[in-house]
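Below is one structure, written out as structure tokens; the observations come after it.
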Amino acid sequence: MTRTVQTAVIGVTGYAGAELARLLLHHPRLKNHPPVFAGRVDAEDRARGGIPLAEIHPQLADNNGSAELKLEHFSWELLAERGVDVLFLATPHERSREWVPEALRRGLRVIDLSGAWRLTEASNRAVYAFADEGSDVAAVTQTEAVYGMPELHRKQIASARLVANPGCYATSIILALKPLVAAGIIDLEHGIVADAKSGVSGAGKVPSAGTHFMYAADNLSAYSVFRHRHTGEILEETGISGGQLVFTPHLLPIPRGILSTIYVHFTKSQTRESVAGVYREFFAGSPMVRLYEKTLPQIQYSVRTNYADIGFDLDAGGKRAVIVSCLDNLLKGAAGQAVQNLNVIEGWPESEGLA
Amino acid sequence: MTRTVQTAVIGVTGYAGAELARLLLHHPRLKNHPPVFAGRVDAEDRARGGIPLAEIHPQLADNNGSAELKLEHFSWELLAERGVDVLFLATPHERSREWVPEALRRGLRVIDLSGAWRLTEASNRAVYAFADEGSDVAAVTQTEAVYGMPELHRKQIASARLVANPGCYATSIILALKPLVAAGIIDLEHGIVADAKSGVSGAGKVPSAGTHFMYAADNLSAYSVFRHRHTGEILEETGISGGQLVFTPHLLPIPRGILSTIYVHFTKSQTRESVAGVYREFFAGSPMVRLYEKTLPQIQYSVRTNYADIGFDLDAGGKRAVIVSCLDNLLKGAAGQAVQNLNVIEGWPESEGLA
Amino acid sequence: MTRTVQTAVIGVTGYAGAELARLLLHHPRLKNHPPVFAGRVDAEDRARGGIPLAEIHPQLADNNGSAELKLEHFSWELLAERGVDVLFLATPHERSREWVPEALRRGLRVIDLSGAWRLTEASNRAVYAFADEGSDVAAVTQTEAVYGMPELHRKQIASARLVANPGCYATSIILALKPLVAAGIIDLEHGIVADAKSGVSGAGKVPSAGTHFMYAADNLSAYSVFRHRHTGEILEETGISGGQLVFTPHLLPIPRGILSTIYVHFTKSQTRESVAGVYREFFAGSPMVRLYEKTLPQIQYSVRTNYADIGFDLDAGGKRAVIVSCLDNLLKGAAGQAVQNLNVIEGWPESEGLA
Amino acid sequence: MTRTVQTAVIGVTGYAGAELARLLLHHPRLKNHPPVFAGRVDAEDRARGGIPLAEIHPQLADNNGSAELKLEHFSWELLAERGVDVLFLATPHERSREWVPEALRRGLRVIDLSGAWRLTEASNRAVYAFADEGSDVAAVTQTEAVYGMPELHRKQIASARLVANPGCYATSIILALKPLVAAGIIDLEHGIVADAKSGVSGAGKVPSAGTHFMYAADNLSAYSVFRHRHTGEILEETGISGGQLVFTPHLLPIPRGILSTIYVHFTKSQTRESVAGVYREFFAGSPMVRLYEKTLPQIQYSVRTNYADIGFDLDAGGKRAVIVSCLDNLLKGAAGQAVQNLNVIEGWPESEGLA
């Protein structure tokens, strides 16, 4: 008999939280065991506690019972009463930073969607300016954290108590680069450019000048040039140095989806087949990556799926490649990957509930 | 020699304000006489006073000097020092309500883009709940106000001290209905439906849940059903009674433009030619209305112009018509019509600076 | 033991066909029984026969086997060899008109997504100008046809050999009006306005001036005023007469979704509760309709679901109502409703495979 | 007294043609001298000859007379009769290739918006596979051609008989790179990446699978990787070699606008001020380029203007830069630049009619 898993989602009012709610409510292994849902654990959460989930996310209302689910007031006691095993945090970085140690102390497994515990190097973490930086608790907690990208760390995730779910841009770039770096075919000295474009949901649900329809629509803008927070993740996970990579994010006038165009030089000439072979070998056993061998992926192929789509073109001499990597920033770039991590932890098929 | 006109725009930080700034800066009669610009006259205005206009509206920066124009701190003294003749208020309703009496006292002509002084009937004004409702000053000021739609009130506007610039939805619906009502061919007892759709700029620049890209994009929603503030304007200007009209606004996933689809019954059978004749006669001498006789107007034809576009189709029996009325909510629906009113006041060609 | 059902989809290259493919490939009752897929049965189909389905619809490629499915050359023999029981036709009207009689002769059950067999009255059918109009075969075939809206004809669909799957606009309008007409509370003499707006997928996949991004984007246009083909369906299914309804479709700048705004007068005053009661009673046992009692539905709530969402507002006197009806034109408006009809035919839960 | 210039626009039915028509109709120096307009000089043109321009481009209809302008049947005799001095060709590459020699023979000045005569090197021209490649006429004609970018070739354009109006992507990238290359501060050996994104109007008006709203909307796709036709222009005009540049175009889900993100390494450390100084010096006297010194340009700032907007960020060490270059592909990237070239030829202020 399968052990029942009780999940909880904190921060369900945001976009990633809503996707997580949707995925968990329809997950075949969690039938009849809806998650415990709470808001962002702040004034808003307290105000909204008790209201139906479907009022916050009308698209979650269906006629199968989920319409009755309510947003609850978060408390550690609530989690204990409900017998929560796995805690998903879709909370701001600072909140996750503060709460994860307590959650671990209470024996919960945590899948944290924030950037709080993704980075090993303090220098990379500096952009977050965490209040507890340098404390013993933070240091100990960080050693528990596994970067939650199953394609790279499947085994460690399976036994992790704390999964640091990757950033959306980082996922799209790491999956494209890691196989080639690991195979030693990239000329790192020549430098790598990762020009990435994301839909507006990546900017979060809080209304701001930058998420106003009038700002984003019919527009494209680059931002955080040379200083986006996901840079550290990319460097740590690929082993590329900061001087070898330029990563530029752009805001696309679409709701969701990321396309990263990545430029590399090879140390020696490659063929389509040799490069495809490197990817195929690396992603053998990884059901959530699709390699495009005839065409290039586009945002619309991966949106609303948990797939990371990768394709590439070589120049005539085989020394330069343009790699195109696409995913849905709310799924493979957030909630979908979080559920993929849950599947790995529980020993379920990795793509379960994600088709 | 032409008298020089000195204008001022208060509330230039919003969308209508920006369009007004653009139109006045390029108006042939105002060359070398840029308007005085101020913000919304609140904390934001004070914070932003002195910063270049081009920093707030980068699209206004050109290499012809406008890049140097600065947002100024509003004061009545400032207007006096600069010799301002005509004051454009692109301010919130309450602000216009408060300031217009003072502006008139100081001898300024005012073109007010808010809804503060558009309505003659207190019952229609009730939706605004103005603090000074019922006061003597308000009553006297209201008698000065002329509804600023040149196609209906050209002569009165020419000598008005206070022009109440019409609402965007109201303009699109009044221009479509007034000629037919005036000609007495509509069966009012049968009821009129005005189903209107507007781009997001109509909702203003302040970020909110409803103007978030994720809310508006790929969506359509009806709002303020049976209770939109523009209803009163439509009734007063057309002479239709509240029980004879249903007006429903919708939020379109586009930056700008309004399309109103209007359903009427005729008292007796009409032909394309008889209806076109009514419109042609009514709009003779109105350069900013275009009648479509072969096709129906679409939003994209009028966007970024000051035209109101009107077309229609009749049913086989000639007893029912669907009228389609399009305009740009920021131009003919706001700033463009305001400049059209300035032209009427100054005796310039009505479409000057609006081509 | 459950009988195995073998389906086939003809016309899988279009948008509705692609959605049908996706739904059937993931339908719990059809596991390991993928449909037979063919194209539009014309030159294109012949040219494309044998190519992988995932090449035509890359978003259908997943790592669960569907990537290997191929588009086949249609022939009646093919269907016989594969033991096809239920034939879905996502083909042009004329093609369905021609083929359905042969399919029935061969003992197949047909769910036809075209407009070929939806209309009982020859006068309503006239807009299609079918070549076989008036023939005996056509007349006999028509008597077999059941209008495929389970909320209205569940029982007849269950035993039908030919299901005429409803039009997208028609579905959204009929579901909103039928309960009120059936309850006798609408004042039909006063006339009904149905102002409907649809995303571009409703216009089909063949590139044309009207589906060019530059035409549709940032735009809204009314079309087929007083003469859209879905009018007949609405009249026949609701019992409203042509003189009592005006239906105007508009092209929205979004990929998918329909919102219909419907204006009715009641014979006597109603309350929110009395109207909600009429809907609740009518849709008891209909899992794919959601009644919105506190807010109005929006396009984004129903897009990518098979739900029809209905909400309404009354005027102060309770004599007039604005009803808002939303659905996804490719799902409840086409492929989803087709699968719903399959579920009814097979006696499976009506929402199976549609959650 | 100013000499009157008579212009003609061939290919006015496309997007660039429509913009050209709009600009010339409102150009202060061409008042009362509307251009002669003809279509694409093929079957379509013949079919459409004589129909009003406003029927093809309804947004061009205004009440100032342009509504009466008609599309004419092209013939050399027509141009002679009307006394055409300057011929704008907004025609397909092959058509321009064929016609320009004849136009020059007839003494016309030509501003050609196609790619026919932009390239000096046959190897770069190879991607066009022109039928007359290698002929004497082609060789002689090419020597007459001046690349129509006033910021680089103002003096030669002034006296040119044939202006080869630049490509849209090429304009955005050349303007960003040329000043830095000319100043010798770029480390070319390190390679340059130009990641460019364009709105759909760049793909032309002929409906195709790739310009279908359903393909382009909510999507982003890379195309023509390592083989886009504009690459040759960029190389020839900047002096960068093919091995030193990778240029990747992408299709943005917006109607118009290009943003190019360009990655360079410097030979030695630069500062914001040193790089800005290089640009300022190069563009002194170029009114249609705006340098952004505090922020980065965005597509929405330059759309519907003839400006090329350039901004940049440096990394901490000053050795790498990300340059962002924006323009409107139909204006500075096509019709606007063509009018700018007309201004240069006629000795008028370079930005006349382009504000």
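As written, the chains take the letters A, B, C and D, and residue 1 is the first residue of each chain.
Operating definition for what follows: a residue touches a chain if its C-beta (ideal position, glycine included) is under 8 Å from a C-beta of that chain, and two chains touch if they have at least 3 such contacts.
Fair warning: this is a prediction, and the values are worked out from it, not measured in the lab.
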{"item": "A-D against C-D, pair bridged by the larger set of C-beta contacts", "value": "A-D"}
{"item": "Same-site or different-site touching of chain A by its copy chain B, using the half cut", "value": "same"}
{"item": "Furthest chain, CA centroid comparison against chain D", "value": "C"}
{"item": "Chain centre separation (chain A, chain D; CA means) in Å", "value": "41"}
{"item": "For chain C paired with chain D, centre-to-centre distance based on mean C-alpha positions, whole Å", "value": "46"}
{"item": "Numbers and ranges of chain C residues touching at least 2 other chains", "value": "215, 217-218, 253-255, 298, 300"}
{"item": "Residues on chain A engaged by chain C in the complex (per definition of touch)", "value": "26, 55, 58-59, 61-64, 218, 287-288, 290, 294-295, 297-298, 300-301, 304-305, 307, 351, 355"}
{"item": "Interfacial residue positions of chain B with respect to chain C in the complex", "value": "190-191, 193, 195, 197, 215, 217-223, 225-226, 243, 246, 248, 250, 252-255, 257, 259, 261, 263, 265, 296, 298-300, 303, 313-317, 320, 322, 324"}
{"item": "Contact set on chain C toward chain D in their complex", "value": "15, 200-201, 205, 207-209, 211-218, 253-255"}
